[in-house]
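Working notes for the structure below.
Should a chain be cited, it is by its letter among A, B, C and D, assigned in written order, with residues numbered from 1 in that chain.
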């Protein structure tokens, strides 16, 4: 793995034996909370308003139970699938998020290395602490998340750099034309310093507030990459995404950082799945912590899920190896849960695997 | 701002920098609890019976979630509206409540000044600690809340003073013909003293218990002001309010101070909105603490909301400036939530913005 | 009030000023817990199995909210009613319960005095610590609760003594043919001693396990008193009570002391009210602590309610005066709640006063 | 009772007087937690993933309430029934579970003795710490639980030893073709040592992952015993069990140790009862702690229930006598609850005894 130059002395990260004694993503979080600088941990944990959407994202998974099946040959279980035609070894992608160097000095390069090891897709944030080109040199077929800025030339430049560097899709964030009422970040501001800052942006930028559905034409005119819209939460907007040629959507409320009291992502998923009728791929994020969460989201119609905050916890614990170990935990839970519900491939996963909790 | 004469030495109130570090109405409450005399804070917090209606008022907002919308031009968001034809810069009014000098030596004059700064309507209580005329000199187009007393001449005098002083509406409280079983006030009685007493009433008054709908005729005969009925909680009474010519109603349970186990105001709102069919304006209060609460109440059919206890917390923290800062927090949350639900004006706010929480 | 002879030195009971500073039945309970011998308090608090029915009895009231009404003339509110034709000043009776001397040396004689002062009905328990004749000398028109014992002659004797002494109804307990699994009493056995024992029974008695509906014929053959069946919890049994000529039933689960996981009394009430169609009077008990609880039970179809454990708390706090003060609290809450829901008499109380809590 | 040779010095177990002061299975658990080696207690308490299925198993019982009935002759209450034609004195069997010597040096031989004393069926686990033949010498008509191993000859040998030793049914576990994500056991591994190990297995075995419904033919070809399938959780699999000639099923999620977020057993029961239509016998386990739990499960259609972890708590407290005392507690609760719901025999127990909790 490429290392960033000039980085500060790293803390001591966990080795393989120690990582093997972490049994859940919650274990990683607990350890990350101890190991990360408090300001960094709290910024990552940030929330809008009351924080209720953050909590609802988790609770929504608890409203579904799994239906075990018996006497199915489960000698091989294959959790691999594809997203936008790209093979991934499991339906778990790395969500775009700012400033991975908050968690580890290798930042997004460690994330990229972990995505290669796990054979899945990394989505690089516009606000990354590594450059587009640095990440492209490590990652395999990553996607690029775009904040559409008021500076149209800067926006064009970001898109064209990503396209040129081999990124495979553009993931436009559509749920943040204005900032949420981010009480988390008001109380615990992002701890920027010389070693951790946005590597692809000038110091001051503004997100464009005037975008509409027809604005997507310009984006398509400057890049051939398929377009993924991140932050769709209603059947109406999902239909509009189909009508405007999006290749995929991410059913997401920005991890509860934008609109406080936004519905939980998982709660919004079924109406969107029904409205889309298979006309584009549906990803989702928000509160995914367990292989059983992944299975529930897929059973309700998602093609794959994204993990956001857990990426930081994995990095903080053991860099690329830590994040990799965390993905293997999720894979282990997922494979076990697939076997015990009688689903030997992702194609077997459907609504019949879940029931509403009484 | 006019100051009341002879007031005691004030505590030190927060300046702008300190106010800017309060991020929610809950922050204001925490600080007010520290700063107010305990007896005053607890009197304001008072409740009927078990206090369950106070809790239900808050919980009711938690039963609704917001539906984010994407790719709407949100470069300008306008939260202004009108109430009874009066323009207000946001749909948040100051509820009538007794004795603002419990929170700040300037009392209702500070409230009036804040209402001017925020460009919204203040509703002055019959039990105010400033006189009708003093408040009229500071406020812009305030409303007057009336307790209809057994002393008919005193009642007439209050109404005619308010009318003469330029108040723009009469807000008759109809949910307190008898006292609630106010356990809060039994345990923490109102701390009256020379600096804080009802300025418009003799020491002993009684509320009239014999009022019926036809009693409103007399009220209309002595004042041309439009009539707002505060404390309507059923579709039946809302229809009666229409039939008897009320200009507006306030769906309210008196902040949980009157009938214990009264339904939450927000829970009563939808049936009333449906019953009224737009034939009068519907305001509501009870538990509003966030811009997202305001948006939910409007989405369910209210024209505007009132805040009650928060007024005291704002005053206690920084007088008129404190209350003003608190209103700006609510405005900030509201504007952000409007943008993220795709509502650029109050006219865009409707039932489609909310879903029942699963 | 008649005092029992030979009683031990009483603790000091509260005077009127102190009682006036108790604002709820919960206040009385807290004080009783401090003042009663621990063994006595805990025996009274006893429960079956997990104690869940005790908790559900209380929770059931929380599933209903009250609907306030406005602009009704509430200058007079009358909570009086009748039970089996007997006038009572409020729809709250004293439930039968064992051994009131656990709470106060005057025991059931204090209870009887309080029932006279409050102008309501006392139901004397077979297991009382005062004799039938002693209570008859103090109470006005009390009822007698019967445990039908295997000793048929003893049972006949109890019934005939009560009839002769002027009791006005027989209240047969039908929910205790065998003991419940009383974990409460297993852990905290009844603290009998020379000053507190069953005054109308020999030391060892057994309840008859073989009773059926036709057994009631014998009971009617030995006494002309109207028959009240206490412990009916289903529509089926309520219909059978009608068919077998009961004058009234008490919808009751024995305060959660008999069948653990029995449905809450209030939850069972509506189906029973519908099944009975007014053919007998329906009382209920279990968890009544507030005037608002009384109003909810009546709104759902009960004619009156019984209070059980609170009787002990009232006695423990101030003897007959304490119990009387507690009844006046409940009356105060009830009258306030009637006024604020627009019900000026008990005849006005109906299903329209309540809504299911959202 | 036969004692195992070479056992370590036992702790002092409770005598009859002490056992009589335990009033619930929860009391047994509390005491077992103090008395068992921590590693053993925690292994027994083990769970999959978040542990939510363990919690849901308990909570499911709380969603049903019991309906009391009055004036039924309850002078005799008979809780006896049959399972696969075998008479049992109450509808509570001992579930198969590994390594009873974790709780008591006599291990499964104590369990067997308790099953004889209680006149019920013990199901011996493949992973028992006593041999098939040792248990057969003590138990009366036990059943044998089978883990079908990849070593086909070993599997055949286990089945044929059990058949030869007089076991009366084969209980094939079908919910564990792969291990669950057993976080409990990852954190608290099974504490094997010389005195506590699987007595019927070599040190390393693997469960067969390739079984399907047609695999059952081979099992039937090597033993005439009736087949019980343990771990059926859906109507579909229950129908398949009927179609493939199972004599009974156990609606079970392996006590929450296999598939995390599997539905509670009791929640799965009604759809299975409806689907099976009486064509095989339905047992269930998971969270049964009370006689009222037993009654609810039977009311919802189970023929009998199994208790798992409680067996360890009984053994740990007093060996065979402790387990026996615990069964008598459950019997006492069951008999009391049958009487108070008017069910004098198990044949009287039906859906009419329960209502959904409001």
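Throughout what follows, contacts are C-beta pairs under 8 Å (C-beta built on N, C-alpha and C of every residue); 3 or more make two chains touch, one makes a residue touch a chain.
Just so it is clear, the model here is predicted, and its values are computed rather than measured.
Homomeric contact chain C/chain D is classed as different-residue, with under half of its interface positions used by both copies. The chain with its Cα centre farthest from the Cα centre of chain A is C.
The distance from the centre of chain A to the centre of chain B, with each centre set as the mean of the Cα atoms, comes to 43 Å. Taking the mean of the C-alpha atoms as each chain's centre, chain A and chain C sit 61 Å apart. Those residues of chain B that touch chain A in the complex are listed here as 23-24, 62, 64-75, 77, 290-292, 296, 332-333, 336-337, 339-341, 355, 357-358.
Only residues 49-50, 52, 56, 60, 63, 174-175, 177-181, 183, 186-187, 209-213, 215-216, 229, 231-234, 236-237, 240, 253, 258-264, 267 of chain B touch chain C when the two sit together in their complex.
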